[in-house]
Every structure is written in structure tokens, then in C-alpha cells.
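In the two complexes that follow, chain A is the common piece, with chain B as its partner first and chain C second.
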Partner chain A sequence: MASGGLACLMFTLVALNILAAAASLALFAVAIWVVVDGYKLYAISAVSGKDDIFAAAWIAIFTGFAFFLTCLFGIFAAVKRSRRLMLVYLIVMFIIFIFECASAITAATNRDYLVGNSNLVKKQMLQYYTDDSSKGNQITDTWNRVMQEVKCCGADGPADWITFDSTYKTKFPNSFSWPPNCCEKLSNSEVKDPISCRDGGITLFKKGCFQHIEWVLSHYTWAVNWYGFAVLMLVFFMLLLAMVYYIQLD
Partner chain B sequence: MPGVILSARHLQGFIPLWILFIRNKMFSCYRMKTNVVIRLVLLLTVCTYAVKSQTATPVLTPADLQAKITTNTVILKQPHCYFNETCPTCEIWLVPALSSATSTFDADRTNSNILSLSPYPSAFGPLAKNYFLTKVGLLSTFPCSASSDSLYFVVGADGNCTTVNCNGILPTGSVVRFKYVLVNGSGIIINETNWSANITLFTPQNPASIYDGFIARSGAMVVITTILSVAAGLLLLLFFIMLCVVCCRKKESKSITARSSMPQPIPARSSMPQPITVRSSMRMPRYDTHNLNDRVHPYDNPAYELEREK
Partner chain C sequence: MLAVLFVVGTLCPLNFAALDISLLDPRSDGVLTAIFSDAFLLRFPNCTTYGDKKAEVLYQILKTDQNQTASFTVPNCNDKQASRGYLLNKLQNGTSYSVWYKIGDETSSNLTNSTIPVTNFSQINDGLPARSGAMVVITVILAVAMVVLLAGLIFLMFFSG
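Now for the complex of A and B:
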């Protein structure tokens, strides 16, 4: 192959490596955003024992940064036109590729398990809300905050508290049909209108919280799996090109 | 009579329509057939009588409330305009009863002690009467003019109470019916509405019965898994092919350079420049080995050489 063609291939490889380095740095940043959990819904996945969305995000942090460093090394290896360096680059990239694949697949699968439908979230809420265990405390805090911030009640609606028995109902049998956090509260956390709250009038939040929870967890998942998938596709084609370059080198 | 006011309104509605109908018929110059007239009169009479004998029925509140029916409480519409009497000491009372106990109450209603006949604490049970009476309010507090859909009455607001006529909760998950009764100053029932329709209270289910296992795989997950698995597999395959290609080329180039490095006599014949062929990226000069024909070379095949000479 003419040296002109080889030089062209080298420049393409260097450019793609720069692009992949930038993209994987962005993956690193997005995975950090997921792990930080700004919406504070980690408890819902932790209590059910299925926090693999966050585990996948941790893996994506490491693979994102590793991709970044290896791509810089790849630029060096391509410019140096060294076969040995290119081989090292290819092997390391392939290993990171496998890990990132695992991360993307794990996040997608786990999201389906957690928020495929509202059953898991509903069952967890009914069993753990106001429960005295540590799991119960986590769930209670999370739900209290979500109900007041998002102005919602129950998983699918306030009817969840009526249709099912719950730890809350067993603990507070003479209280309202639903937790006080389902109703509008004043700034001193007193219920604004107890009669309207008891009867389910206008101060009761009527929509369910599952929509919000599903939205948040889905966005966490998509950040890790779809963006990771995009980076992986870029890296896949870049590695194909790198293999061709490796063969052309002497 | 309870239905009088309602029937007067309906009658007022019907008369103008009827007159209009007659007038239209006359103006359109069609001859009024007698059977049509008879039918119309009959219809009107039937309507009037039906409207006249209609009594009120307790209903669930039409207001937008989430707790209309819970496991042990019900919210009903307030009894505005249900009774026509005007006695100042009359009170409206509510009779919640299991749907199986409506006949028991109907048999007991003429009793002079009806208000304390079935106290709430002992009202429900296998041998109990399964109804109780609770006070709603004075008749004068429910005038027709104040009727509104946003006013409601909560049955069971007093919780698990202990007095005789308190507004206690109903048995969980039971089927209940309601009746408003008008009670005069001496505790005698002087009027009543119909029984309401059957209202089934919720029976709370055990949350452990919710199935929270894996329901279905989303399309995204299937797409990502298959494409990534294929990509990773393809990469691995191509990686090994690449290694094989490179190793094979190395062997070939080694064998070629090994051949060309054997000691040879200086050839006298060919002084033509050797053609250089290019096979992919390897530049392989093709050496003309005719000068070695006289010699026996370990890598030469004698049979092949003989054939070439022919």
C-alpha cells in the first residue's frame, strides 16, 4: 500500500481516537451524574436488592475514564507506527469494550425489573412505609419526600392505600386512609385541611408517584445504556480501522 | 307526599310541550287522529302518576372525593329535599344496614324504641340485627334551597365508637345499603326514603399477593444486548483473524528471506532487472532461480525441475 494511503489511515485513526476520547470522557461525566443520584431514589432500588442500575453506572465511570486514557495512548501508538504498541492498544481497548458492554446490558435489564410496571414499587411501599426496620426508614424518608415534592400519593394513586393492607394501616388504624404526606401541608408540616384530607377532597394529591419514579430511573438507565451503546459503536468501528492499520504496518 | 314537588315540576314541563304539539298539528292543517290524542293523554297520565309516586333514594356523593367508598366508610349525598314535612323538631337519621338486614329493619321500623333497638357497639355480628341508626341532623338544616353536590355526609366518621347512636365504621368489606328516615320529636319514624342500591366496601388485599417478578423485557434491552453481543463477538473474531494474517505473513516473509539468504554462485545470465511484484503490502522481489538449475538445491523439487526442462 502506498505510504500516502497509510498516512491517510493514520490521520483517520488519530482523529477517531480524539473523538472517542472526548465521547468517553462525556460517558464518565454522565455516569457520575447517575451515581450522584440527584433525585435521591437510590433507596427504592437498594431495598429491593436490585441496584444494578447504579452498579452499571459505577462500571461506566471506570470504563469511560479507561477509554479516555487508552484512546490517548492509541493516538501515540498510531503516530509512532509501532506494531507492538498498536497490538497493546487493541488488546486493552477490547477488554474495556467487554466491560462497557456488560455495563450497558446490566443497566437495561435491571431497569425492566424495577420499573417495568408499578407492582414492585407498590409492594415495597405498602410493606416498608412506616416500618421500623432500617429498610423501612429509608423507604419512609424517600416516599415522604417524593410525595410532597412531586405532589403525588401511592404508586398508582391514593386508591392503593384502600385496596391493599399495609404496614401503615396496621400501625395507624384510626388515622386517615392514606398517609398525611399525601395531602397538602403547611410550612410547619401540619396538614393544611384535615377534613379534606380524610375525605379525599381537593387537598389530597390524586396522581400516583410511579410515573415520576419510573421517569427518573429510566433516565438514569438510558444515560448509561444508550449513551454507552453509542460510544461502543464508535469504538467498534474505530477498532476495525485500527486492525486494518495494524495489518498495513510493517 | 315526598314526590309532590318533583311531580309539579315535571307537569309544568309537560304542559307547554303538549300545547305546542296540539297547536302545530292544527296549524299544519292535518286532521288530528283520535287514537293519537288518546295515546298522548295516556302517556301524560302515566308520567304524572309515575312522577307522583317517586320517592328519594340515598346516593353516593357526586362530589369528586377519593374516599367515597373505603374499607369501612362511605360518603353519601346530604338529604336535602328528600322529605317534604315541615315539623320543627323532626330530625333526619341514617340507617346503614347490611344488604341482608334490610328486611329486619323494615320489620322493626314501627317499634316505638327504634332508635335504641340496635345500638351501634352490638349492631354487627352473627346474631345481631346488622343495622344501626345514627343522627344526621335537624330537618330544618337540609332545606331544598341549600341542596348542593359539594355537601356530603361521611358514614363512619366516628370510627370504632361506643355510644348507642354514634356514627361508627361499617364492617370491612361488607355489602351495605342506606336509608334516610325522618324521626319526630318522640322518636317515631314518620317518613323514610327508599333503600339505596347495594354498596360494596373494599376488602383490603394482602400486599404480599402482588406479583413483583419479571414481567416483560423491553425492546431497548433486547436491541442493546443483541447488538453489543454481536459486536463484541465480531471484534474478537476479527482480532484473531488479524493475528493469524499477520503471523502467516511473517512466516511467509521469513521463508522468502530464508531462501534468498542461501549461498549462491554469481549468476552470469540474467542481468535484466527482476520484476517486483506487490502482493498486498509485501513487496516481494521475485528472484529468477534459473541459475541454480545445475545445482541440487535442498528446497528444489527435482521432479518439478525435470518437468520444467521439457
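Now for the complex of A and C:
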């Protein structure tokens, strides 16, 4: 290839590497956001043993940063016009590419298990809410917070507590038909209107919590899988170009 | 005619007024449901007629002889803090009951209804419901991309200068 064409290819490769470096740094940041779990719903995936959304985010943290460093190395290799350095760059990028693919696929797959429908979340709630085990404590704390913050009750609604038996009903048979956190509370954590709560009146939160839980876990998943996929597609075409550049180098 | 009506009226004292029994209506009474797995939410007798009076709820499982009783005081019409209805609880789930009120000499008609049958939570199927389209698309495209890159790398390493 004429030297003008090669120079053009080199500049294109450098530009794409700069873009990929920025994009992978953003992937690193977004994966940190997922791992930090600002909505504090990790317990719901951990207790069921299906926390691969967060495992995928951890992988994306490392691959995002690794992509960033390797892209910088790629800029150096392209400017040096070194075949050996370009080969090292291609091999390392390919390895990171595989790991990032694993992360994106894992996140997408695991989301289907967790929030494909409300059954898993509902069963877990009925089984572990107010249970004395460590899983029970995690689920109880999570659900108590979600119910009050989101003003919701049950997975699909308060009727979940009536239609199914639960650890809560077994432990507290003489209490309300649903947990007190399903009702409006005062700032001192007492139920605002116990009679209205007992009767299912206006102070009972009537919407289910699954919509919120599904929203959060889906957004965590999409941050890792769809944004990871976008970065991978950019890197894919950049690597094809890098292979062409490698072939053209003496 | 008016005289006849007055005479008939004096022969019909208030304790012949109908004592009603019914469940609360979720739509008009603002409650989630009146039927639970272990309780019924019954509308209180009319507070104008029966306010502050002692009332009894008699209930029995359908087709059995065992009568049970619970008592309460009908709330006053001015009591704004009162519940909308009487919660008849400690019932068995998935069972048909016959319920009626008794205030003094008056007895209401029978109300027959069933409590909600309870399902064990272990029967909920929490297996994978279905694969989403996103998962399939991402997996297929990335698998193809990985194969193309691998083929390209192998070509580069073994077949090009």
C-alpha cells in the first residue's frame, strides 16, 4: 500500500483507539455504578444465588480498564509502525474482547432468571421475609426499605400475602394480613393508622414492588450488556482495521 | 289514608327494621378486599339505628353444627376513627362459612361466603420463564464476532508475511 494510504490507515487507527479508550473508560465507570448498587437490591439476587449481573459488572470493571490501557498501547504500536507490537496489541485486545463478551452475555442471561416474571422475587419474599436466618435478615431489611421508599407491598400487590402462606404469617398469625411496612408510617416508625392498615384502607400501599425491582435490575443489566455490546462492536471493527494495518506493515 | 298510614306505622316499631349483613365492597368502601384467607370484613350494622349497641356475630362452617360467636359494639355515627367494618378473623382458609348478626332480639339474614384458599409458596414455579430477545441477539452477534476475530488472528499469525 502506498505510504499515503498507510499513513491514512494509521491515523484512522489512532483516532479509533482514542475513541475506544474513552468508551472503555466510560464502561469502567458504568460498571462501578452497577457494583456500588445505589438502590441496594443486591440481597434479592444474592439470596437466590443468581447474582451474576453483579459478577458481570465486576468483569466489566476490569475489561473496561484493560481496554483503556491496551488502546493507549495500540496508539503507540500504530505510530511506531511495528509489526511485533501490533501483533501483541491484537492478541491482548482479543483476550479482553472474549472476557467482555462473557460479561455482556452473562448479564443478559442472568436478568432473565431473576426478573423474567415476578415468581422468583415473590417466592423469595414469602419464604425469607422475617425469617431468622442470615438470608432472612437480608431479605427482611431489603423489603422493609423498598416497601417504605417505593410505597409498595408484596411482589404483585398486597394480595400476595393473602393468597400464599408465608414465614411472616406463620410467625405472626395474629398480626395484620400483610407486614406493617406495607402501610404508611409516622416518622417514629409506628403505623400511621393501624385500623386502616388492618382493613386494607387508604393507608395500605396497593401497588406491587416487583415493577421497581425489575426496573432497577434491568437497568443494571442494560448498563453492562448493551453498553458493553456497543463498546465491543466499536472494538470489533477497530480490530479488523488493525489486522489490515498489520498486513500492510513491512 | 293518612290516618291509616299512621295506625300502620304505630304497629311497626323500629325493632322490625331489617338488620343487614354484608361484606364491605372494595370499590365503594376503599378497602383492598373484604375476603381474606382467615377473615371476613363485614359492614357494621347501620350506626343510626344500632350505634353504641352490643352486637354478636354468629358464624359456622357450612354444613356443620358448630356455632361460634364474637361480640362487638356498633360504632357511633360520630366516631370518625372507627373502622369501616368488623373484621371477623381466626377463620380457616378455603372454607365456606355462614355468618349472621344478632342485636337484641333481631337477627339478620345469613351471609354465606368462602375464605380464600391459601397456596404454599413452595408451589410457586421460580424457574426460568423464557429467554429474552436481547439475550439471544447479544449472544449470537458476539459469538459470531469472536469467531471472526479468532479466524483473523489465526490468519495473521500463520499465513501472512
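Just so it is clear, the second predicted complex is superposed on the first by the 250 of 250 C-alpha atoms of A that agree within 3 Å, B and C clash if a C-alpha of one lies under 4 Å from a C-alpha of the other, contacts with A are read in each partner's own complex, and residues count from 1 in each chain.
Keep this in mind: contacts are C-beta pairs under 8 Å (C-beta built on N, C-alpha and C of every residue); 3 or more make two chains touch, one makes a residue touch a chain.
Please read these numbers as outputs of a predicted model, since none were measured by experiment.
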item	value
Fit or clash between chain C and chain B when superposed on chain A	clash
First (chain B), second (chain C), both or neither touched by A:S177	both
First (chain B), second (chain C), both or neither touched by A:S166	both
Partner chain in contact with A:W215 - chain B first, chain C second, else both or neither	neither
Partner chain in contact with A:F94 - chain B first, chain C second, else both or neither	both
Steric overlap of chain B with chain C in the superposed model, located at which of 2-10, 38-46 or 74-82	74-82
Doubly contacted chain A residues - partners chain C and chain B	90, 94, 97-98, 101, 104-105, 108-109, 111-113, 116-117, 119-120, 122-124, 126-127, 158-159, 162-166, 177, 198-202, 204, 206, 225-226, 229, 232-233, 236, 239-240, 243, 246-247
Residues of chain B touching chain A in the complex	63-68, 70-71, 75, 152, 154, 159-160, 202, 204-208, 210-212, 214-218, 220-221, 224-225, 227-229, 231-232, 234-236, 238-239, 242, 245-246, 280-281
Chain B contact footprint on chain A (complex, rising order)	1, 90, 94, 97-98, 101, 104-105, 108-109, 111-113, 116-117, 119-120, 122-124, 126-127, 157-159, 162-166, 169, 174, 177, 198-202, 204, 206, 222, 225-226, 229, 232-233, 236, 239-240, 243, 246-248, 250
Residues on chain C engaged by chain A in the complex (per definition of touch)	24, 30-33, 36-39, 41, 81-85, 87, 116, 118-122, 124-126, 128-132, 134-135, 138-139, 141-143, 145-146, 148-150, 152-153, 156-157, 160-161
Residue numbers on chain A that touch chain C, as the complex places them	48, 87, 90-91, 94, 97-98, 101, 104-105, 108-109, 111-113, 116-117, 119-120, 122-124, 126-127, 158-159, 162-166, 177, 195, 198-202, 204, 206, 225-226, 229, 232-233, 236, 239-240, 243, 246-247
